[in-house]
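Listed next: structures, encoded as structure tokens.
Below, chain A partners chain B and then partners chain C, in two separate complexes.
This part shows the complex of A and B:
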């Protein structure tokens, strides 16, 4: 398949926000994802500005070469702007903010610690993709424990995401895509060597996650349940791991999914726009036909409005087609991942 | 033509630049001109290399220029100017320093890029290997993106050569491909639009194919430039390139060319 020749048009930046408890692995995932994708995975890569690359690259080096896990995120959220590229073409801008784990669990405005909580909640409504970070260590330790929702704050996550979906719907926007990010997935699969056993465990984990986070199956929601891991790290006293064991698993998949889901949502929006402009142009054509030849000024105004509507219709159509082409180009990289659309397997469109 | 050399400290950039310029001068004969200062620097470096003495670290960015004149071949038209920008290893993976910024600026304006990495780095532990490669790939990819998004549209950088230095012995084609695996992502994504090659250089003080990366870039640049550069130069640079490629035998691993221009070099 060849690269789309036309640029995808004005695709707005993809806002990504991660929700997760303290020490669930949000920052470690961010580092691993950036470290892997900045080197390049197949034809795709992530590009940051030199200063952000330096900061993230230093931390990734500390982890991958010295085995030092990143410290918990400070009170102030860290903001990053990445460009997701395919071949050498920019596909989408990623606006990514790393909040501290506690930000999700404070009351607004009662708690003293709630400054970033208000920021996080406001940002969720603007988010095109939300990562619900689930600590694989908890999932592995208690395979059938009722205390999991309390430990991983999945009810709080569900409530915050539903609130964000409602606010977006009120503003006429599509729901954000959701990624249930199962970090430390190596712990889930510890001691398993047979493929059948691994797949059984992953299937069971996927079902548990869908039960824990019912919002993943809501109508119109594009969701992915994705296990990720930095490597077989085992216990890490004092945040120190053996760098020889670092071997990332699927760090790029969530980002690829978010980009494809964003392009799909953008394509839907552009399709609606195209239809609306088409209807408007049709109405103007009828009205023009009804207007008498002598009403020259009115006819000219109608003709101008009709031409503008047709131009906007064409522009929306081009943008929609470009989004479709990009998404179809990227979609194959998501094969074999548990993606859902409105609770049904798949992404709501056929593979391109 | 502007070539920018990027690599870690001690990877052999300065030696590569000297050997490459020396190789082109040998091919071009009287048609190659250098300033006295550049000639003196080149002589000093090649003499040190021949004597097996260290050449010392480059502390500030250096530019070496080579003017290629048409000579008695009138069909070659006007002369060509080749500048090679040798950046200190400290500029790679550095914070927001002046050196790093200068490297970024130079990369964005390059016609060709040499990514220099020692075989020792490519054979080190996985994490170190990927880290070393990542810090080279990131600024180059950023430059490639910037060049394509520039006001002049797609253009700018036409070739990237990954030069594996300090290859203890001539690696076989498959070995070199395996060594250069960390660059696969860059190669796969860039090969749709630009050309590249991976070349191994051993410890020989004057390897016969040392000029191959520079001639690769020159040949690509001449064939893309058009306009003032006449067909005469295309024939000349292609002949030089082929001579160097033949000398390289299997040490010049392979060429990755834009899809639309696939051809055997």
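This part shows the complex of A and C:
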């Protein structure tokens, strides 16, 4: 397949923000995702600035070689910039910030300890993709859903995401894509050996998550429900696990989904742009036809404006086509993961 | 005599907030918060070595230690199976006399019981509370002469290893880099820092002289460093140009094998 070229013009970085309770696995997921994708999955990889690569790589090495889980995140958010590549070609810039879990569950602005809460909430409205991190340990331990919203703060997550969607809509922007990230997924399937039983559990978990987070099914929302795991870690006294058990499952899928959803949203935006410039060029053509030959100065101005509109229309069209080709190239990576568009199975992804 | 107040930065079992105790006039002090975050550095490498801080903002002093909580308490030291970490320190009122700061040898031999006292005093009442029970944080700590909180010989220097006669590289010449000393010279650096009139952030016990690990630090005593050197500050992330090498071959995840793949990753070892 021919590799698409980068869309012309500046491409907005893909802003990703994770929401989740304390100790739900946000930082461990980030490390595992970076450790896996910086090495490469298939033809895709993640590239970071050398200093950030050193920091994340060192933490990943400590986890994967020494079995040392990362310490709890303090109240200083960590910011990262990544480039998602396919066959070395840059597809999207990722702007990623890791907040402590407590940042989600504080008031703004009068809590003394909530400076990062204000940052988090401001950032949500700028986020193109939001990861709602659900601790698989809680899902596995609570067959009844009564206590889960309080334990996992899913009501708070829903409220914050809806707030962000409203603010984005007010600014004429599409809703962010959403990933329900089920961490520690190994705990959900403990003791299961039959394929049918595994699939039943996975399907049941997907339905529970959709109930817990109804925002995943709202109109215009692209959503993915993705179980991830670092490995079968078991108990980890003192933050120490057996490194032989580190065997990640699907850490790359959420990122692949976010990139595809971003490309789809960017394609839609460029399509609207193309249509708008086309309409503008059409109006200018009509106006030009109505303008008398003697009004030379006005005709020149109209001709210039029309040419500019047509050039922008072409540029938007090229960008839209590039986004479409990239998304189509990456979409097969999401096979077998439950992705939804407006609550219906979608994104061109084969389920199950 | 200038007074000092204790600080505690630590999380509890259930509540993911960190500022537990600070003097009433500095609960929103960005310099203080910044210094603590620099030395704590997200808890990185604290399982390898505790880090000590001596900082001066031109008026007041701050010193203390960032460490794993298990060094200070046998019970309040883990959450969710992961070790917690903390910073315990003392901040002075403006124009404090640096002579009250304990010398390096005294600090490093006696810090555990001293810091444990502050840790227990200000954390124990909150340790098991839930986030919804949290109120009135941070606790407000009183100023008092340091002598009452520190061993009687704390003001005496330790036998010529740190006389304050060593010269620090002036901050203006560092250009966001770090004047890094070997850990074996930590006592000399501590004494020199305590004699400084500049705005400094001196951290002791950094494992490696790596720019990313020295961010915000003006002077450091580094464990894996043989000779004093100036370490440039970390470069800001530039344009993210893709330069990755080829990744491994695509992993096949199609068809009926998918359940087995999930199973192999999620179920753990098959019982015998």
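Note that the second predicted complex is superposed on the first by the 341 of 352 C-alpha atoms of A that agree within 3 Å, B and C clash if a C-alpha of one lies under 4 Å from a C-alpha of the other, contacts with A are read in each partner's own complex, and residues count from 1 in each chain.
By definition in this document, a contact is a pair of C-beta atoms (placed from the backbone, for glycine too) under 8 Å apart; a residue touches a chain by one contact, two chains touch by 3 or more.
Values in this document were obtained by computation on a predicted structure and should not be read as measured data.
J.: May I ask you to decide whether A:65 touches chain B, chain C, both, or neither, giving the answer as first, second, both or neither?
T.: Touch status of A:65: first partner only.
J.: In this superposition, which partner touches a larger number of chain A residues, chain B or chain C?
T.: C
J.: Between chain B and chain C, whom does A:57 touch in the aligned arrangement: first, second, both, or neither?
T.: first
J.: Touch test for A:190: chain B only (first), chain C only (second), both, or neither?
T.: Touch partner of A:190: chain C, not chain B.
J.: Check whether A:290 is in contact with chain B, with chain C, with both or with neither, and answer first, second, both or neither.
T.: Touch partners of A:290: none, neither chain B nor chain C.
J.: Quick one: is A:78 in contact with chain B, with chain C, with both, or with neither? Answer first, second, both or neither.
T.: So A:78 only meets chain C here.
J.: Let me test your reading of the model: by the given contact rule, A:39 touches which partner, first (chain B), second (chain C), both or neither?
T.: both
J.: Which partner does A:246 contact after superposing on A: first (chain B), second (chain C), both, neither?
T.: The first partner, chain B, only.
J.: For chain A, which residues belong to both interfaces, chain B and chain C?
T.: 38-45, 47, 51, 54, 83, 85, 88-90, 247
J.: Sort out for me which residues of chain C touch chain A in the complex.
T.: Contact set of chain C toward chain A: 11, 15-19, 27-28, 37, 40, 42-44, 46-47, 70, 78-85, 131, 137-138, 210-212, 234-235, 237-238, 240-251, 253-254, 256, 258-270.
J.: Report the residues of chain A in contact with chain B in the complex, numbered from low to high.
T.: Interface residues on chain A, with respect to chain B: 3, 35, 38-45, 47, 50-51, 53-54, 57, 60-61, 64-65, 83, 85-90, 243-244, 246-247.
J.: Please give the residue numbers of chain B that touch chain A in the complex, ascending.
T.: Interface residues on chain B, with respect to chain A: 93-96, 100-101, 104, 125-128, 130-131, 133-135, 137-139, 141-142, 144-145, 148-149, 182, 184-186, 188-190, 192-194.
J.: Using the touch definition up top, name the residues of chain A that touch chain C in the complex.
T.: 22-23, 38-49, 51-52, 54-55, 59, 68-69, 71-76, 78, 81-83, 85, 88-90, 93, 100-103, 105-106, 111-113, 185-186, 188-193, 195, 198-199, 202, 227, 229, 231-232, 234-239, 245, 247-249, 335-336
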